[in-house]
Each structure stands twice: as structure tokens, then as C-alpha cells.
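Got some structures for you, see below.
Presented sequentially are two complexes of subunit A, the first with subunit B as partner and the second with subunit C.
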Partner chain A sequence: MPDPIFSAAVSFLSYFGIFSILSLSLNLEYGFGGQPNFGKVAFYATGAFVAGVVASRLMPLIAGIAPLDPFSPEGTMQRVAITQSNPYAALLTFLIALLLAALISGAFGYLVSYPAIRIREEWFLAMVLLVTGEILRVVVRSYPPIVNGYNGVLIPNPFRWLGDADQVSLAYMVLILVIALGVYIYINKLVNSPFGRLLKSMRDDQIAATSLGKDLVKVRGQVLILGSALAGLAGVLYAYYSGYVNPDDFIPIRTFDVWVMVVLGGIANNRGVLLGAAIMTAIDRGTQILAIQLQTFGGIAELNYLRYIIVGILMLAILMFRQKGILPEKPVKTPAYEVVKVE
Partner chain B sequence: MFDWLLGSVLRSILIGSIYTLMALGLTLTLGVVRLPNFAHAELITIGAYVAVLSSLISSDISFALILAFVITALVAFSCHRVVYRPLSNRGATMYTLVLASFALGLVLRYIILLWASPTGYLQVRPLIPQQVVGLIGTTVILNVFLWSLPTAFILVLLLHLLLSRTKIGKMMRSVANNITLAQITGINVGKIQDISWLLAGGLAGVAGALWAILYYASPYVGWFALLSVFAAVVLGGLTSFSGTIAGGFIVGLSENLVMDVLNRSFGVEFTYKPVIPFAIIILVLLVRPKGLVGLLSKTRIVSRVPSRVEV
Partner chain C sequence: MSEILKLEGVVKCYESLRAVDGVTLSIKEGTVTGLIGPNGSGKSTLFNVISGLDRADEGKIWFRGIRIDNLPPHKIFSLGLVKSFQDPRLFLGMTVLDNLLVPPKGQIGENPLNAPIHSRWRAQEISLAKKSSDLLSRLLLKGLHKTLSAEISGGQMKLLEMGRTLMADPKMLLLDEPTAGVAPKLARDIFERLLALREEFNLTLFIIEHRLEVLFDYVEYVYVMHRGKVLAEGKPEEILENKVVAEVYLGG
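Take a look at the complex of A and B:
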């Protein structure tokens, strides 16, 4: 019998890690770069779909077993058997999925935004990205060869070979948190680099940045590639965490959730964004656990809806009363800034 | 042999006329208030449910439509006063307003779900009897069909007259064109925005009610229609009046007639139908960002949507 507090804590921290990566990547795009990515879910979903395809097709080949039909119960059993007996194949597949997802999501991000970033008005980019997310979902759910259409595909956790379910989820949680920490450090370094200052200059004044000889179309492309690749990583982590790739998970509300984390925590403040992700995770997991608890006592099934109402009201409240978020943006830390401060 | 074609065209026109009504409201808020209002979806849903609830009192269609217009207009107005106007006064950018409208839509949608789910209103038809009033080939004409097209036509005509012939319409167009200039010339911009919200809400409500009378009401009705409506607006050139009308019918046609043809000739499955409006949006934005404007329109409300809201 698993300890409920332990499993709740593990689930909270796992989701927190995944949400952190997503919100940090949006913060890079919107908070620092000013690019309104209303299609975050498209790249998150791409990551998850890549994980589904790689785990269901490539893993038997890596393990050296003749693959069965990936969507049949036998195929699922085969994958579970491989992850239970062959740590090497399980982890290698997972790594390949991570790398491929980052590459494909990044390329997809560039491809989708290629025409839109050439138009000065960011409104177009927002609309194109928003719509792309929905097209991707509808096509993948209607076209079975990718991840079995709306039935989805089951992919086993890469740590299945540890045996004990608690240890598996704990090991995976640690992995998620390590990757999230890496992303945090990377983005922090990046935004304090010349590239980060270039992003801010693009956000604050496009004309001034252009007059200094900066190629903004190129920068917009770069930041979207990077943000999309990171979202792809989060997608892989989520797919393996839930063990199930389902296109209908990736509805536009997911994008909105990420926006809530960024706006709530603090636009262009990475620590604030982590705080936003933590609050969002608490609401998400809290209502989920509460709903399950209440349902076992024959309570209301509608508690799930409350989650969205709470999130919506929270978003409205923060926009109304604290537009810069809980932790507002801080000045850039450069050697020059230190000099100015001393003087 | 071509009976399906007739049915398909009929359905295209019916849905196209409803889309047009929905899209005109969205165009108004986009033009006059400069807000791509995602909560427009919930206004449509509220209209649909008003039709359902009003049919409990009377099965008269005109009663349902008028009630839907009034109640939804008031909801839209209060949304403006409670959320959007205070936000604009605090210097909100366009993205802030978009996020706010998304959040507001989410709150309204799930409040409706919270009410509709336990009471069994998740997918209901109004208690308005549907009678067969005629046949063309094997295509059935229902009495409710005869309501939707004339209603849409009359409302569009009235709106056109309002915008082109009255002083209020002139003021609305001037606010849409240049808000600062309008203020300088002494136009009460706040009042004009109030009127636009009332009109946008009313139109969305009537469209939702018509949808419910033709098909059904559900908490997701507006949300599912919204992206088609956005497609119509983008196709029409964002803020053009006649462009939007054409856009509404083109989206209606491509979702029904074109989809049927694709299905019969190329075996494209109906599960791909939602891709059509999205594809329209992407294509228009990439190929001809100004939409149909220039080809069709003279009464354009505003030349372009600015990327920031001017206060």
C-alpha cells in the first residue's frame, strides 16, 4: 500500500519540474523576448508525440527484439517487458526521445513561425501559433499511424527495471527535477548574456534595436527555436510521467496554464516564474487529489471544473492588481551595473 | 443524385449565416475596443442557454431570440465594465487584454458547466417543435430554417444602417479609426464602447440562440464555434464589415460543402473538419494578411489592428 503523502509529494514535484521547464521557456520567449507564444501547447505536444513514437517503435529495435504491432496489447506488454528487464534499452530510448523531441520541436517552432516573424505585428505570430496547436492536435488524433489517434499509446516509465513502484516514481521525479534545474541555470545564464540583453532590447523597442544593427527576424527565430525545443523536452518528460500519450491532453487551455504561471510569478523574472509554476502545480494537484478523495466518499464530480474557475479568477486578479506579477523584473546584472551601483 | 449537394449547400448557408452574426460581434469589439475577445465564445453559449431556458416559458422563437439578445448584451456590457475597462484604464497592453478575455471565458465556461452538469443540461435542445414545412428533392426544410436566415439578414441590414446612416454609427467608425482623434472631436469614447459591447453581445446571443434552436446547446457550443468565427473575421480582414459577412459564409461553405465534396471525392474523413477553419486562418495570414478587404469592402471599420492598445 503506497503512502498517500509520499505519492502526492512525488506527483507534486514531478509536475512542478515539468511546469517549470514550460514556464521558463515561455518566459524566455515572452518575458524577455516579447514574443507572444500562444501556441506553447503545440511544442509541448510535439515532444510527447515524439516520445510516443520513439518508445513504441524504436525501443524493441534497440533491445534487439522483433517489434510487435506497437498499438496492440501485446506491443504494450512487450514494451513493459523490455523496460523491466533491460535498463540499457529503456534509458537509451528515453535519451533518444529527449534529443529528438528537442530537435523536432525546435525545427517545428522555426518552421511555423518562419513566415509570421517577418511581419512586424506580433499579433500575427500569436494567432498563427495558437491555431497551429489546434491543427496539430486534430490531425494527430485523427491520423492513427502516429500515436494511435485519439486512443493514444501507452509508454512505460524508463525506470521500470527498478521494480518497486515508489522507487520508480521517485527516480523519475529526481530526473525531472535535475533536468528542470539544468534548464533554469541555462536560461538564467542566457538572459544575463549579451543575447539576453538583445532579447530585452527587442522587447522594449524594436526600432531602437534595429537601428543598432540587430537582425530582429533572426533573433525572433532563435528565441522561438530555443523556447520550442525546451517545451519539447517538457513534453517528453510529461509523456513518460503519465505513461500515456493522448492527443486530447494538449488542448489550448494547457497554453493558458503556462501563461498563468508566467504572468502570476513575474514576467521576465525566472525565480518568479518558478514560484508561479509552484502555485499552479498546487492548484492543479490540489483540486485533482481533492476531487478523487471526494469522489471515493460519493461526493461531487464537478470539482474538476473548479480548478479552471480558480485559475481564471487568479489570472484576472493578477492582471487587475499586480500586472508585473508577484516577483517583478529585476535590473540586469552586468559588470557595468555593479560599477554604477558602487558609484 | 445530387441531393446531398443541395442539403450540403443549405447547411452551409444556415451555418454561414450564424457564423456571420457571431463574427460581426467579434469584429465590432476588435474594431472599436481593439480586443480579440476570446470570451465571445461564452457569449454565444449564454445565448444558446437563454434560448433553452426561455423555451420552458414559451415556445415562441421570436421570444427566445429577443430574450437572448437582451440578456447576452447585458452580460457583455458587464464584462466590459467589470473587467476590460478597468484593465484598459490601468494601461493594459493588447496581450494583457487577450489573456484577460481568455481567463474570463474560462471562468464563464466552467461556471456554466458547473451548473449544467448536475442539472442534466449538458447537451439539450430548446423545447421548440421542429416541423417539416417543405421538401426540395429529398432535402427537408424545417420551420426553424426559415428563422435563421431572415434573422441574420435583418440584423446585418440593421447593423449596416446603424453604422452607415446614423450619428452613433459614424462615431463608432471614427473611434475605430483613430481613438485619440475621436476624443479630440468631443466624442464620448466610453459611451461608444458601451454601445459596441451591447451590440456585440446581443449579436452573439442571437447567434447562439439560433444555433441552439437548429442544433443544441452545450457549454462548449461557443468555444467550438469560436475558431471558425475567428477564421471568418481574419478572412474578412479583421475589421471590415462586408468582408466579415463574406468571411462567415465562406467559412460556412468550406466547413460543409467543401468538406462533403472532399469526403465523397477524396475520402477525407470528417474528423479532419476542424482543420478547415484553422487552415483558412493560417493561409490568409500568410498569403493575404489583409483578408478580403480591398476586394469587397468599402465600409471598413479600421485600417489595421495596432499591436498596443492606446489609452
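Take a look at the complex of A and C:
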């Protein structure tokens, strides 16, 4: 008998970790670099698809077993059996999925933005990325060889060999949080540097930045590679968390959710963004749990709408009273401030 | 003295308006040259074309012997030709100090692979900070380094704008009305400091300025623009005596 509070906490923290990575990566692109990525979901999805492909095709090979048809019930059973008995194959597959997803999502981010970043008007990039996300979803859902089309593919948790379901989800949650913490530390170091200044100068005034020697096409490419690679990581984590890769999970509204986290918590403030991710996760999980409870008691309300209403009210409140988000931006923190003193 | 900047028949049109209409000029290394002319005569447009922000429709431009009329602005910057803006274009979401730390060339920490490893660029950052600190006091911006650049006065913005160009180790500066909006006494002070810098770094200065009484005390040569064309050129005293120039200025 699973403890409902335990499962709610594990689910909250797991989602929080995944959303943190996504929103930190959008903050890097938009908050610091001013690049409006309206296609975050494309790179998140890419990560999940990579996880689906790697887990279903590569894992049997790593385990040294002749692979069965990955989308057949036997193939699924084979994967489950491997993760139950072979921790080495399960974890190595997961690690490979993470690395490949970062590489492929990063490369994909660069490729699709390649023409658009050559144009100064950044809304062009926003539209290209928005469309990319939808095209990717539609292609993958209608082309079975990748992840079995709209039927999706089951990928068992890399900790399944632990046996007990609670232990599996707990271990995986810890892994997600460790990776999210790593991403947070990495991004904080990355932006509190001359590179962070470069990003902000591009965001604040492109013309001044170019005339001060900055090659903005290059910088835009760099920031989109990094942001997309990180979103790819989040996609792998999500795919393994839900245990299922389903193209229809990656609808455009996912991008919007990430934007809300960034705008709510604090544009160009990484801590603020974590706060935004926590608030959105709470709303998301809260309404989800409420919906399940109400259903068991024969409730009629469609809770998804409640979620949209809460998010909408929060956004309005932020835009009216705190445009800079809950935690406002801070100066780029480098040793320069220890040298120059106020007098 | 060798020639550092040369323009030949440069034209820039905005639809039917020939904002710059066949400008030919040449500037020697280490000199201070003024560019004057009535409002709308094409001075700022000419600077934008030289610095690569606007592309010339016709004509050729050389900087230190290199053709630059086809280069993007960041390449022209890296050759050592740096421009300030008439209306300051500061990075308004950044502090005064961060604004000064954007332009320096060759910053190791601007590479995203180096950026997270602070030990790789720490020493360079500290030496740039010392340079900024020095510049902040010279520009009378001392103590404001942590202030957002959006929150300083118009005159201070102008000074910071100029400070930013100086942080770039330029060989030549194109300054678009460096003293507009600053107090008259400070205007002279700015010119004094610019001249001192020229001595120190062998800087070449090309300055648009409406305060002729100040400008003429500091420049060696002057170009006068009118309706996109060079109307006259010469030493300040020659320009002062030029009847056509006086007419253009008085007649508007």
C-alpha cells in the first residue's frame, strides 16, 4: 500500500527537478541572452525521443542479448527483464541516453536556428522554433520507426533492479535532483562571467553590442546549442520518469509553461527561476492530485481549467505588480566587483 | 604621418534622400579631426557607414590600408576603429561597471567553454577591472559602478558611452557629439582628457561636435558637411574665415 504523501512528494520533487532544468535553460537563452525560444518543447521532446530509441534499441545490445522487435510485447518484456536483473546495462543505457540527447538536441537547436539567427529581428527565430516543435511532434507521431508513432514506447526505470517500487522512484528522484543541482551550479558559473555580460549586452542592445565587437550570430548559436542541449537532458529525465515516450506529451503548451516559470520567478535570476519552477510544479501536481481525488468521489470539475485559471491569474498579478518577477535580476558577479570599490 | 582612414565617393541613401552624397576624405594617424555641419547634414550617417552599422550604397572605405566597406561592424571594431553613439546606447539592464567591461577585446571568459571555469579568466578580469576603476574616476563616475546604467543622468550616460569606447583599446575613435548634454565646463574637460589620451596611446580622433567654440580649440583639421556633401575642409582658422560655411550655419 503506497503512502499517498510519499508518492506526492516524490512526484513533486521529480517534476520540480525536470522543470528546473527546462526553465534554467530558457532563462539562459531568454533571460540572459534575449533570445525568445518559443520552441523549448522541440528540444525537450528530442531528448525524450533519444531516450526512447536508446532504451529500446541499444539496451539489449549492451546487455549482450539478441534484441527482439522493440515495439512488440516481447520486446517490452525483454527491456523490463534487463532493467530488473542487470543494473549495469540499465544505468549505462541511461547514461548514454543523457549524453546522446544533449549532443543531438544541441546540434538540432543549432541547425534549426541557423538561418534565423542571421536575422537581427528575434521574433523570426521565435516563430521558427515554435513551428519546429509542432513539426517534430507530428512527424514522430506519424512515423512509427522512431518511437512507434503515436503508440509510443515503454522504457523501464533505470533503477528497476532495486525491486521495491517506492525505492525505485525515490532513487530516480534523487538522481533527477542531483542532475538539476549540477545544471544549476553550471549555469550560475556560466553566466557570472564575461560570457554572461556578453549575453546581457546582446539582450539589451544588439546594435551597441555589434559595434563593440561582438559577433552576435556566433553568440546566438552558442546560447541555443547550450539551451537546447540542457532541454534535451530534461527530456531524457522526463521520459524515464514517466516510463513511456509518447510524442503527444510534447504539445506547444509545454513551452508556455516553461515561460511562465521564468517570467514568474525572475527573468535573468537563476534562483528566481527555481522558485518559478517550484510554484508551477506545485500548481501542476496540486491540480493533478485534486483531480484524481475528485474523480474517486465522483466529482465533475475539469481540473485542467482550474490549472489554467490559477496560472493566468498569477501571470496577470506578476505583469501588473512585479514585472521583473518575484526575484529581480542581479549584476553579473565576477571578481571585478572586488577590485572596484565604492568611495 | 601615414593615412589611417580614407573614404572615396561614399554614398548612403535612405529611399530618395541622399543622406551621404559622395564623401571623399582622408585622415592622418594620430590627428584630431572635427566633423561639423548643420542638423541633418549627414554626419551621423557617415559615422554609421564607416563603422559598418550601415552599408554604403557606393564608394570605398579603407582603414589602415584594409577595405572595410564590406566588413560587419564587429570586424571593423576588431581592427581598432570604434564608434560612440550620438544618443547613448547603453546596456540599460546592466551596471555602469558591467557596461565598461563589455568592450575589451580577447576576453577569455567570453568563450562559453572557459566561462564556467573562473580560474581561467580571473586574472584578466582583475586587470580589466583595474582599468575600469581608473577610467571611472577619470570620467567622474566613481562610486556609481554598481548603479544600473539606466539610472544615471543623461550627461553621465554620455560619459559612460565614451568610456566604453576607450575600454576597447581603439586605434581610432569616431565620437558622435561627445559633449552633447554635459555641462560646458565639463565639455572642455572631456576634450582635454581626450587629447591626453591621444598622446598616451597615439589615438586618432574624428569628432562630430556642435560646440564649435570648444571644438576649434582642440582640432587640427575640420570637415564641413552640408546636405550629404563635404562643403569645405581645412584648418580651424581657415574654416572660421570661410564665407560659405558661415552662410550655411547662419542660414540653417
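Throughout what follows, the second predicted complex is superposed on the first by the 337 of 343 C-alpha atoms of A that agree within 3 Å, B and C clash if a C-alpha of one lies under 4 Å from a C-alpha of the other, contacts with A are read in each partner's own complex, and residues count from 1 in each chain.
The rule is short, and it goes like this: a residue touches a chain if its C-beta (ideal position, glycine included) is under 8 Å from a C-beta of that chain, and two chains touch if they have at least 3 such contacts.
These numbers were taken from a predicted model, which means no experiment stands behind them.
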Touching partner for A:203 - first (subunit B), second (subunit C), both, neither: second
Partner chain in contact with A:289 - subunit B first, subunit C second, else both or neither: neither
Touching partner for A:226 - first (subunit B), second (subunit C), both, neither: second
Partner chain(s) touched by A:177 [first = subunit B, second = subunit C, both, neither]: neither
First (subunit B), second (subunit C), both or neither touched by A:193: second
Subunit B versus subunit C as contact partner of A:68, first or second or both or neither: neither
Subunit B versus subunit C as contact partner of A:313, first or second or both or neither: first
First (subunit B), second (subunit C), both or neither touched by A:340: second
Partner chain(s) touched by A:124 [first = subunit B, second = subunit C, both, neither]: first
Touching both subunit B and subunit C, residues of subunit A: none
Residues of subunit B touching subunit A in the complex: 36, 83, 86-87, 90, 92, 94-96, 98-100, 102-107, 109-111, 113-114, 117-118, 227, 230, 234, 269, 271-272, 274-275, 278-279, 281-282, 285-286, 289, 304-305, 307
Of subunit C, residues touching subunit A in the complex: 51-53, 72-74, 77-78, 82-83, 85, 89-95, 97-98, 101-103, 105, 107-112, 114-118, 121-122, 125-126, 128-130, 132-133, 136, 142-143, 145-146, 164, 168
In the complex, subunit A residues that touch subunit C: 186, 189-191, 193-198, 200-201, 203-205, 207-216, 222-223, 226, 268, 329, 331-332, 334-337, 339-343
Footprint of subunit B on subunit A - complex, ascending: 30, 36, 38, 115-116, 119, 121-124, 126-128, 131-132, 134-135, 138-139, 141-142, 253, 256, 259-260, 263, 300-302, 305-306, 308-309, 311-313, 315-316, 319-320, 323
